[in-house]
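What follows is a pair of complexes built around subunit A, which joins subunit B in one and subunit C in the other.
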Partner chain A sequence: MESIYWPSFFFFLFSGLACAFAVAVLLSSNIVRMAFYLVLSLGATAGLMFLAGAEFVGAMQLLIYVGGTLVLLIFGVMLTSQERFVVMKTWAGDWVKAFLAGGALLFILAYAAFSIPEWRGIERAEADAVEAQPSVTPIAMGLLGARTDDPDGSGYLLPFEIVSVHLLVVLIGAAYLARAKRSRSSLEKL
Partner chain B sequence: MLSIPFANLLTEPVGVAHYVTVGAILFICGALCMATKRNALGVLMGIELVLNGANLNFVAFGSRYLRDDANSLGLDGQLMALFVIVLAAAEAAVALAIALNFYNNHDSIDVDRADQLRG
Partner chain C sequence: MAAFLSQYLWTWLAYTIAGLVHVALILNLVAVGALVFIWLERKISGRIQDRLGPTRVGGKFGWLQTLADGIKLLTKEDLAPEGADHFLFKIAPYVSFCASIAAFIAIPFAGGYYPWIAQHLNVGVFFVLAVLGLEVFGVILAGYSSASKWSLFGAMREAAQVVSYEVPLGMCVVVPVLIAGSLDLVVIGDTQAGWFTNWLVFHDPFTFITFWVYFTCATASVNRAPFDLAEAESELVAGFHTEYSGLRWSFFFMAEYGSMFSVSILASILFLGGWHGPIPITEFLGLSPENGPFLGYLGQLLGAVNVIGKGVIGVCVMMWIRWTLPRLRIDQVMATCLKYCTPIAAIMFLGATLWQLQLPGKTFFGLIEVPEAVYAIGDGGSDAAGQMPESESPAEQQDRIAQTTPSASQISRKGL
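So, the complex of A and B:
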C-alpha cells in the first residue's frame, strides 16, 4: 500500500468543498444563505488554484473575487432583501428540466475529460520532480509585454491597458446607473 | 495499474481531467442557477459560479503539475484567469447597478416581473 499523496488529498478536500457549496447555492432558495455559500465555494476554488501552482491567481481570487465582488453582491442583497424577496421558491417543473439538462451536460463533460489519456495526470515521481517556480514575476512581466518564461510568447500589454480602461469606464457607468435619482420637487426647490 | 477505477486516487497525483470535472460541476451549478433562480441577484451569483468554473479550467490547463509541460498553456492560462477575474468584477458592478435600478423602478427583484419589453 502506497502512502497517501497529500496534494491529491487536499485536491479532493477543496474540490469537495467547492462542489458541495456550489450545489448548496443552487439548491438554497434563501438569497442570504446563497451569498454565504458562494463565498465558501469561491474560497475553496482559490485553494484549488494554489494546489495547481497558480499562487498569484489564487491570491487574486481571494482578494478580488471573495473580498471585492462578493462583498458587492452582499451589499446588493442587503439593499433589496425585503421580507418577500428573501426566500423565492423555484417552480418544481423548472427543477426537473434543469436537472435533466445539467446532468446530461455534466456526464458528457466528465466523460470527455477522462477519455483523454494525457489529462489523467502524471506519475508521482514526475510530479515530485517538478520544481516550484514563483509565478508573480513572470505574470507581472507578461502583463507589461515582456515574457520571461517563453521568449516566443506574446506579451499582454495591450489587453492589460484595454482591461484597465474598461474597468474605469464600467465603474463610472455603474456609479451613473446606480446614482440616487433627484426627484422633480427637490429640483424645483433649488 | 489497478483494474478498479478511482482506486489509486489518493496515492497518485491528480490530472487536468479532475480539475476540468470540478470546473464542469461549478459551471453547471452556475448555469442552472441562472436558469432557475427568480431573484435577480441569484442569477448574478450563477454568473459568478460560471466564470469561476471557467477560471479553474484556465488555471488547470496552464499548470505544470497536472500534465506534461509540452502541451500545457503555461503562463497564458494564469494571465487569462486574471483577465477573467477583472472582467467578472466589472460585470458584477454593472449588473448590480442594473438590478438596483430595476428594484427602485419596479419595487421588486423578481426577474419574472421584468417583462416590459414584450411589446
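So, the complex of A and C:
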C-alpha cells in the first residue's frame, strides 16, 4: 500500500468514472437516463478539478454544468419531448457519422495534449514539492486587471467587463420576454 | 487530523481513518438531526394548532416517536409502480440524500487556526451553494420515474422554483462575502469575532435586509412551506414522493431536513456570527489554542455548540413559518422570487458595496469601529494581519498572496 501514489490513484479513479459514465450516456437509449449518466460524468470531472486543487473551477463545474445546465436540460426535455425522443434509436449511419466527428476531435485533442512540451507531467519529487495555493484570490485579482503570477502581464479586465455586460443584456432580455402582456387573459399568464 | 495521525500510522491508513471519522460525524449529524427535527416539527405543529403532539412513546414528551416511526418505515414493503423506470426510481432518493449530505463537507463548525471542518475549501460558500442546487436533481428524477402525473407535476414545480430561487439566494450570499473579503466560510465566520455587534446581519441596514431575503429564499430553495409546492398535499397527493414507501420515502425526508439544517447553519455563519456567540464567552474564559490544547479544544467545542444551536433555531423558525402561513400558488411563488426577492437583493448588494466604500472598518450600522486585527482577517495585505501567531491560517495564506500582488502604484499605472 505504501508504494501506491494516491493522487495518481484518485486521478485514475475519477477519470475512469467520467469515461465510464460518458460511455453509458452513449449506450443508453432513454433520454432521462442519459441525462442522469451525464450528471455523474460531469460530477466525476468536478472531482478531478478538486483533486488538482482548482477548487473554484471544481465548484463552477458543479454549479454551472451539473446543476444549471442539466436541470434546464431535463426541464426542457420533459416539457418538449415527443415519444420519438424519449427513447432514442440510433441507426448504423448515425454511429459512423458520430464516430468520425468524435474520433477526429479526440485525435486533435490527444495530439495537442501530447505534443506540447509545457503540458508534460512533472516528476513525482517535483510534484511533492508543489504547495497548494488558494486559487480564488489570484483569479479575482487577475479579472480585475492585476495578475499575481505575472505583475507586468496584462490582466483580464476587458473580457471580464464584456462578459458582465453581456450577461446583463441577457438578463434584461429574459425579463423583457417574460413580461406580462396586457392583451392576454389572466389565465394564460399563468 | 490526517497529518497528525500520519506521524504514528501509515499515511494511507491515517488518511482513511481521518476521512471515515469525518464521514461518520457528518452522517450522524444529519441522521440524528433529522430524528430530532421530525419530533420537534410534530411538537411545534401540535403546539401551534393547540394540540399536544406526540406524548407517549419513550416516556415524557414522546421523544422516541421518530425512532418508532423509523422502525415502522423499515418494515414497510418497498414498492415501485408498474410503469416506473425502476433504476431511476430506486436511485432517486439516494441522489437527494447524497447532495444534502455533501453540503456539510465544506461547512465549518468552529473556526480559528484549527477550524473544525471536514474539508477546508478556499471556496466554501460557493461549494455549498453548488451542492445544495443538486438536490433538486433527485426530486426531478423521482418525479419523472414514478410514472405518475402527481409526481411529474411536483417535480416540474420544484425544478422551476429551485432554478428561480437560486438567483436571489446567490445575490444575498455575495453580500457577506463582499464584506468579509473571502469565499472561505472560516474566514467569513472569524471576521465576526467578538460581541453580537460584529455580526454581519447588524453590519449595516443593507445586510440586515439581506439576511431576511436570504432566509426567505433559503426556505424556498429547500421546499419548505409556504413554498412546498412540490409536495402540496391538498393538490398533488404528496407531489414527487407520491409513489414512494418505506425507507426510500424516509430518505427524501432526511434529505429535506438535512438541507434545512445546512441552509440554517450557512445563515448562521454568513450573518449571525457562526461560532462567535452573542457574548464572547470563549474570549472571557481564555479558551483559545494559545492557552494549551485542552482549553483550545473546549473553546472549539463551545463554538460548534454555538453554530449548531443557531442552526437549530433557524430550523425552528422555518417550522414556525410552515405552520403559520398558508401555501402560496405557483404564480405567487414566482412573483415573490422575480418581482420582490431578486430586485431587493440586487439593491441591497449595491447598497452594501457603497456602504463598504464609504464606511470601511465599521460595524453595527457604522457606529462602532472594528478592531484592527479582526478587520484585517479578510482584508488582503494590511499590516495588522502579520501579528497572527500561528503558522498557516487561511487568512494568512490569502494575505501572503495579496502581498505579492502589484503595488498600488503599479495598479494605478494601469488606470485602475
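Structure notes:
Quick note on the criterion: the second predicted complex is superposed on the first by the 138 of 190 C-alpha atoms of A that agree within 3 Å, B and C clash if a C-alpha of one lies under 4 Å from a C-alpha of the other, contacts with A are read in each partner's own complex, and residues count from 1 in each chain.
Here is the rule we go by: a residue touches a chain if its C-beta (ideal position, glycine included) is under 8 Å from a C-beta of that chain, and two chains touch if they have at least 3 such contacts.
In this text the structure is predicted, and so the values were computed from the model without any measurement.
When the two structures are aligned on the shared chain, A:I4 is found in touch with subunit B and with subunit C.
When both complexes are overlaid on chain A, the residue A:V39 reaches subunit C alone and has no touch with subunit B.
In the superposition on chain A, A:A59 makes contact with subunit C only, while subunit B stays out of contact range. By the touch criterion stated above, A:G67 is placed in contact with subunit C alone, subunit B being left untouched. Ranked by how many residues of subunit A each touches, subunit B and subunit C are led by B. When the two complexes are overlaid on their common chain A, residue A:G145 makes contact with subunit C while staying clear of subunit B. In the overlay built on the shared chain, the residue A:A98 is in contact with subunit B alone; subunit C does not reach it.
In the superposed pair of complexes, A:T137 makes contact with subunit C only, with no contact to subunit B. Residues common to the contacts of subunit A with subunit B and with subunit C across the two structures: 2, 4, 56, 60, 68, 70, 72, 75, 79, 133, 135, 138, 147, 175, 178. Within the complex formed with subunit C, the subunit A residues making contact are 1-2, 4, 6, 30, 32-33, 36, 39, 55-56, 58-60, 62-63, 66-68, 70-72, 74-75, 78-79, 133-138, 141, 144-148, 151, 155, 157, 175, 178, 189-190. Those residues of subunit A whose C-beta lies close enough to touch subunit B in the complex are 2-5, 7-9, 11-12, 15, 18-19, 22-23, 25-26, 31, 34-35, 38, 41-42, 45, 48-49, 51-54, 56-57, 60-61, 64-65, 68-70, 72-73, 75-77, 79-80, 85, 88-90, 94-95, 98-99, 101-102, 105-106, 109-110, 113-114, 116, 118-124, 127, 130, 133, 135, 138-139, 142-143, 147, 149-150, 153, 156, 159, 163, 166-167, 170-171, 173-175, 177-178, 181. Residues 8-22, 24-33, 35-39, 41-42, 44-46, 48-49, 52, 55-56, 59-60, 62-68, 71, 74-79, 81-83, 85-94, 96-101, 103-104, 108-110 of subunit B are the ones that touch subunit A when the two sit in their complex. Subunit C makes touch with subunit A in their complex at residues 10-13, 15, 85, 87-88, 91, 121-123, 126-127, 129-131, 133-134, 136-137, 140-141, 144-145, 152, 155-156, 159-160, 162-163, 166, 182-184, 330-331, 338, 380, 394, 397-398, 401-402, 404-406, 410-411, 414, 416.
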